[in-house]
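Input: a single structure, listed below in C-alpha cells.
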Amino acid sequence: MTGPAALSQTQVPLISARGISKQFAGVEVLRDVDLDLRVGEIHALLGENGAGKSTFAKILAGVHRPTTGTIALNGEQVEVANPVVAQRLGITLIHQEPISFPDLSVAENLVLGRSEDGWFSPVPWAKMTRDARALMDLLGVDIDVTQPMRGLSIADQQMVEIARALASDSRLIIMDEPTAPLTPREVETLFGIARRLRSEGRTIVFISHRLEEVRALCDRVTIFRDGNKVGTHTIDELTDADIIRLMIGRPLKEYLHKPRTEIGAVALEVENLTLPGRFEAISFSVRRGEIVGLGGLVGAGRTDVARAIFGVAPALSGTIRINGKQATIREPDDAIALGLAFVPEDRAQAGIFRSLSVEQNITAAVPARIAPRGFIRRSVEKALSSEAIRSLRVRLASARQPIGELSGGNQQKAILARWLLTDPTVLILDEPTRGIDIGVKAEFYDRIGELAASGRAILLISSELPELLALSDRILVMSEGRLTAEFPRAEASQEKIMKAAVPRSATLGEAA
Amino acid sequence: QDAFSIVYIGKNTGNPYFDSITGGFVDACVEIGCQFEFVAPATAEATSQIPFIEAQIQRGVDVIAIAPNSPDALNQVLDSAKAAGILVMTVNGDLVGNEEHRDASILPVDFTKTGPNQVELAGSLIGYEGEIAILSATTEAPDQNTWIAAMNDTLANDPKYANMKLVATVYGDDQPEKSTAEMEALLANYPNLKAVIAPTTVGIAAAAQVVQSRGIADQVAVTGLGLPSEMRDFIKDGTVEAFQLWSPYNEGVLAAYFAKGVLDGSIKNEVGETFEVPNLGTITIDPNNMMNTQAELTTFNAENIDDFDF
Amino acid sequence: MSALRSLLLRREAGILVMIMLFCLAVGLYKPQFLTGNNLRVILLLTPLIMIAAMGQMLVLVARHVDLSMGSILGLSAMVTGMMFRDMPQIPWMLGFAVAIGTGALLGLINGALVTLFRLPAIIVTLGTLNLYRGLTFIISNARQVDRQYIPTELKAMSQTSPIFGVPSIIFIAFGVAILAYYFTMHTRVGRQVFALGSNPVAAPLRGIKANQVTLLVFTISGALAGLAGILYASRWGFVNPSNTGAGFEFQVIAAVVIGGVSINGGVGSVPGVVLGVLLLGCVSAALPLLGIPGAAQNAIYGTVILIALLIDRTVRQQGVLGLRRLPA
Amino acid sequence: MSAAETSPPANVAGRESAPPRPLWHLVLVRPETLTLVLLILGVIVASRLSPYFLDIGYILRSFALSAEIALVALVLTMVIIAGEIDLSPAANMALSACIFAWAQASGVPIPLAVLLGLLAGLAMGGVNAFFVIVMQLPSIIVTIGTLILYRGLAQILAGDRSIRIAEGFIGVDRILVLGVPLPVVVFVLAAIVLALVLGGTIFGRQIYQIGTNEVAARHAGIRSRRIKLILFLMIGVVAAIAGIMTASRLGSVRYDLALGKELEMVLMAMLGGTYIFGGRGTIPGTFLAAWLLVVVSTGMTVANLLPAIQMTVLGILLIVSIIATNFIYSRTQR
C-alpha cells in the first residue's frame, strides 16, 4: 500500500469496529464486518442498494444497536447506546433521508438535541439564530433560519443536516449519500468543507453511489456487498471496473443481456406527462415483449412518473395511451382495468397488508375473480393464490399465515403474484429487487425475463445499473424530473447512464 | 304485616335537594317500619331512570316513589310497574298531563299559590314598585312555567302590584354558568331593575352571586326559591334579604305515611279522603290524587335561616 | 414592513380580527356590550377555560388529546371541597396544593397509560373521563359540597382583589398564560414538546425522551385542570359531583382548536389560545344580551370548531404541498 | 481480495419464514374469546350480586333498553376496522329522532316522518364523510365537533321540551317475537347480516384491507374513499334507525336522547376486540361485548349499586380491554 494510508498506518485508528452484525426481524443485513477509520481520512463506503451501508453508518451513530460486535474509539471500547451518546462521543450522522422537525425553525432544527442542558434551562434564541446564520453563510446557501423547516426543498433540508454536523464539532462525521439531492455547486461547497475538516484532522465517512465523487474526494474505500465487507483499499488502487466487480461480486458477463426477438406493438405510450415540481414533459413508449429500463439517481422523479401513470398521484397534463387508445386514469383501479400493474418501490408502505394472510395479499387486486357475486368463494381464492405461489416459487409455511412473517424477497414475490393474477399487459416495476438478497434477485431476473417473453410490456425502474443493463432492451434516464437520455441496449453503458443521470452541468472535474 | 319496601328514585345523584327528602323517608320508615332505599341515575337525562324502574319491578318492591325526569318518557315502564301491583307515586314533581300513569302525587305546596307568594315577597322587598325580572330554569320546566304564569296573572290583575313591571323572563337552564350570564345580561339590559325572582335553586344562587360580586345588593333585590344550605351565606351578608321554599323533608315523611296507609288499607287512595300525619296535621287528597305537605311557602330570612339544616 | 406582513399573516391576527368584528357587530346592536362592565363579565366567564386550555394546548401540540379534563377538574375540586368541609381547621391556601396535586396525579395516570401501553390518548382519556367522574361520585358519596363550606377568602377571589377590585382569578388565569408562554417558547423541554409533536419518529434521534415529555405534558394538563377545579369552587361556591366540570373538555378543545392549535401536533401558540378563549367568552356573553336562547350555544360551539378545523386544514395544506409524497 | 470472488451465499435459512401457529393457539389467543370469558364471569358475578338478576325475561327486557346503542356499535365496529372512528352517532340519534318526532307532531304522516328522520341521519353521515374524506381531517376530532353540533341542533329544534310520539307508533320494545322484544331481534338479525357482510363479502374484505394499510389498498386498486363514504353514510342511517326506535320505545323525544352514549358504543367495539388503529375486529366480538355490557350494568342496577360505580367499572373495562387487545395483537403480530 502507498500514499496517505501508509503514513497513518502506525497511529491508533479513530474507530475500529469488529465483527459487526445486524439483523432486522431475523433478516441478516450486516454480517461480521470489521472496519478501521483513521484520524483525518475521508473514507468512502460503496455498495449496491441494500448492501448495508446505511445500516453500518447508523450503527456507528447509535441509531441501531449491532446484534453482535464491538466498537472501539481511539482504542478503547465504547457503547454507542443511542444518538445522544454518539453525539457526546463526537460522532455525527447525516441521514440518507434528512430528518427534520417541519414545524420548528431551521435554527432550532440545527441545535435540537445538541445541548446537554436541563429541561427548564432557557433557550438562547438570539445566539441560536446568529450561529445558524453563520453556518448558512459558511455553506453558501440562502435559507431564512427563522422560518419553519416545513417547505424547504429536500436539497435545503440536506444542507441543514450538513450544517448541523458542522456545528457539532465532531471527530467523525458520517455523510450518507449527502449529494443525492444537491446541485453541483452545492456539491462543490460540500467537498470544499469536507477537505477543510480533513485538514483539521477530523474523519469523514462518505457514502455515495457516484464513483466520480468518491474518486474526487476520498482517500480509502470500503466496499459492501449483501451485508458483507468485501474489502478496504486506497482509492487509487482500484479502477472503476474493479470497484463495480467488487460491488456486484460476479463478473458482469454473467448478467449479459438476453436479446428478445418477439417485440410487438406499442402497449404503453406517454406524451408530455407533467406534474409541476416533480417531473416535466415525460414522453416514451413501451412495446409488448419489451423491457424498458428507467435509470437515474434517487430523487430523480422516476417513482413519481410511475405513480402518475398508475393513477396514484396523476399528472397535471400530458396524455397516456394504452394499446393505442387514449386513457384517462384517475385512480389505480382505472389503471388496473386498462391492464396496468405496478409493483411500488416501498413494499412495506405501499405493497403489503402486513397482518393479513398471504392469500388475501395475493388476491387483493382481483376482487371480481374471487367474489363473482360479491361473496368470496374460498375455493376459488385458494386455487388462485396457491397457483400463483407455485408459479413464483414463494417460500412460505402456509398461505394463511400473515405476510408480515415472510422474508422481504418472498413478500416481493407475493406482490408480483398479486399482479400476475390481473394478467396485465403493462407491468411497472419500481426498484423490484430493493432490499432483496442476491439469491432471490437472480430468480427475479428470470421471472421478469419470462414475463416479457410472455408478451407483456415492462417498465423497469432501478437504481442498480447492472440490473438495468442486464435486463433492459432500451434504457431511459431521468434527472431532476426530466428524461435526459435514451439508449438502445447495445449502446448503453454504466458511464453513459451515470453521465445522463447526474444533474446537468455537473462536471465533477471542477469539484475535484 | 311485615315491613314493606319503598324505593325513591331521584332525578339524579349528587342533587342536594333530594338529600333532605331522603331524610324524611328514612326517619318516617324508622317510625312505621319499612325498608327504604334511594337510587338515582348519574344524569337527569329523560330516559336515565328507566333501567332503575325496571330493576325495582324485577326486585318486586312494594312502593316506587319517583321524581320524574320527564313528564312522558316514563309512561310505558311506569304502567308495567303498576301492572306488577306496585304502588307508584311521584314525589316532588309530577307527570303533568300523564297523571294516569301513577297512583298518587305528593307535592310540597299547592303550586297555584307559589306564584302569588313569590310576587308578594318580591313586592314587599321593593316597596311594591319598580321593574322586576324572572330568572327561571329551562324554557320547558313544567313547574316553573305554572308559577311564572301565575306570577304574570297576579301582576296583571292584582291592583296591589300595579306599579311593579315585569320587564323580562330569562332562562339559565339550571346551570350556574348560563344562569350567571343571563343575570349579567339582565343587569346590562335593564339598568334600573329593582328585583329578580329566581324560582329555582340554581338560578337564585347564581343571581345572588352576581349581585354580591357587583356589590349592588341595595339596588337590586334577589329572591325566589332556594335551599337554605345554599343561601345561608347570602342571607347572612345581606346580599339576599329573604327567599322562600317548602320543606322537602316533609315530602319524604308524607310519602312514607301515605304509602303505609294505602298498603295496609287504612287510607283509601281516593279524592277527598283525609288522614293524619304526625307534625303535618291533616292531609287531604286533592283532585288528580295530589297531596301537599303544607299550604303556603316558608319564607327564610336572617331570623330563621339557622333553624333549618337542609 | 415584511415583519408587519408576517405578523398580519399569523394565525393570531386572524382570530383577533374575528373578535373585533364580532364585538363591533354585537356592539352596534347592543351598545352595553362594549362597556367596561361587560368586559368584566367576559373576563369572568373565561378564567377556568383559559387555564385548562393551556394544558390542553400542550397535549395537542405533543400529538395527543386529553378528554378527561372535565372529570379531573371535578375530582380535584371534590377532593379539595371535601377537605374544606371535613377539616375546616386546615389553612385554605393549602386547598391549592391539594387541588393541583390531585390533578397532576390524575394527569400522570393518563400519561402513564398512554406511554407504558402505547395506547391512543383519545381512548385512554375517554376511559378516564368516566373513571374519574365515577370516583368523584364514590368519594363524595354523591353529596354536593355546599356554599357554606367553601372558605370565604377563596370565594372572594372570584369577586374582587386589592388591584382595582379586578377579581384575582382573572390575574391567575393570565399569570398561567404567561407561564405557559415562557414554558413553550423559552425552555428546552417546551421546545421539545413541539419537536415531539412535529416528528415523533425523529424525536428520539435528537435525544428527546419521548415518554418523559409525554408524561410531563399530561401531568401539566392534569395539574392545570386541578387548578381550574379549586377555582371552580371559588367561582361558583360549591362542588357538585355530577355538574362540576361536566362537558368542560369540549369547551376547552373548542377554544384551543379555534386558537389555532393543530390537531396534527407541532403547531400552536399561547397568544392564539388566549384569543381563542376570549372569542368563546365573547360569544357566551353575547348570546344572552342578544336574547339568543342558551340552547343555541352547543350548535354554535360545534360550528365554530368545524370552521376552525377547516382553517387549520387549509393553512397546513399550503405548507405541506410539494413535499407530500402521497395524497394521503 | 480473493474472498471477494466467492461471496458467501445469502443465508437463506435466516430469512426463512416462521412455522404456522397451531390451531388451538389461533382460537384461544383471540380477543373474542376474552370477551366470551368476561361475559360468563359477568353473569356469574351478577347473579351473586342480586338474586333477582338471573331471569331471561328480565335480561332481555334490559337488553332492549340498550339494543339501539348496540345496533349502532355493530356498524361502528366496521368503521373502526376501516381505520376511522365516529363519535357522533349518539348525537345523530338524538337529532334524527327529534326531526322525526317534530315532523310527525306537526302533522306529517308517520311513514314520511320516519323517512325524514332517516334522511337526516344519512345527511349527518354525509357531513362527517365530507370532513374526513374530502377535507382529509382526522375523524376523531371531526366527529367530536359534529357530536357537539348535532346535539346542539337537536337542542335548538326541541328546546328541552319533550315531543310526544303518536300513540300508534309507541312501544317497539313491547312487541315480542317468540317472547323476545323486537329491538333485540333487530339487533341479532343485524349482527348476523353484518357478520356475513364483513366476513364473507369482498366489501368486508376490503374494509379490513384499507384499515390495515390504506396506501397499499389504493395501490391494489381498492377505492378506499368510496368504501369509507359508504361506511359513514351507513352508520348515519343506522344511527337514525336507532334514534327512531328509541323514540318509539320512550313514546317521546327530548334533545338529550342517548346523551353521552357514544362512549358506550366505542366501549362495545373495544371490548369486542376491535383494534382502535383499524384492520382488526369482528362483529361477533362486538355482539358478545354488547351482552357483556348489559349484563354488567343491569347486574349492578338490580343490586341498587350507586350508578357511579357503574361509570367507574365502564371506564376501567374500556382501558383494560384496549390494553388486552393491544397485547394480544402485538403477540400475534409477526
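For reference, chains read A, B, C and D in written order, and residue numbers begin at 1 within each chain.
Operating definition for what follows: a residue touches a chain if its C-beta (ideal position, glycine included) is under 8 Å from a C-beta of that chain, and two chains touch if they have at least 3 such contacts.
Just so you know, these numbers come straight off a predicted model, no measurement behind them.
Set side by side, the interfaces A-C and A-D show unequal numbers of C-beta pairs in contact, with more at A-D.
Separating the centre of subunit A from that of subunit D, both taken as means of CA atoms, is a distance of 43 Å. Subunit B has its Cα centroid 76 Å from the Cα centroid of subunit A. The distance from the centre of subunit C to the centre of subunit D, with each centre set as the mean of the Cα atoms, comes to 30 Å.
Of all residues in subunit A, those that touch two or more other chains are 312. Across the assembly, subunit B contributes 13, 40, 42-43, 139, 173 as residues in contact with two or more other chains.
Looking at subunit C, residues 133, 137, 142, 241, 293, 295, 297, 326 sit in touch with two or more other chains. Across the assembly, chains come into contact as A-C, A-D, B-C, B-D, C-D. Note for the complex: subunit B touches subunit D at residues 7, 13, 37, 39-43, 45-47, 50-52, 54-55, 58-60, 70-73, 75-76, 138-141, 173. By the touch rule above, subunit D contacts subunit B in their complex via residues 50, 52-53, 55, 58, 61-62, 65, 159-162, 164, 170-171, 173-174, 246, 249-252, 254, 256-260, 297-298, 301-302, 304, 306-308, 310-311.
The touching residues of subunit C, counted against subunit B in their complex, run 30, 32-33, 35, 37-38, 41, 44-45, 133, 137, 140, 142-144, 146-148, 152, 158-160, 167, 236-238, 240-243, 284-285, 287-289, 293-295, 297.
Against subunit D, in their complex, subunit A makes its touches with residues 23, 25-28, 31, 223, 225-226, 228, 230-231, 245-246, 249-250, 310, 312, 331-333, 335-336, 342, 344, 349-356, 360, 364-365, 367, 370-371, 374-376, 395-398, 400-402, 404-410, 418, 437-440. Taken together, the subunit B residues at the contact with subunit C in this complex read 12-16, 19, 40, 42-43, 139, 170-173, 175-178, 180-182, 184-185, 188-189, 205-206, 209, 212-213, 229-233.
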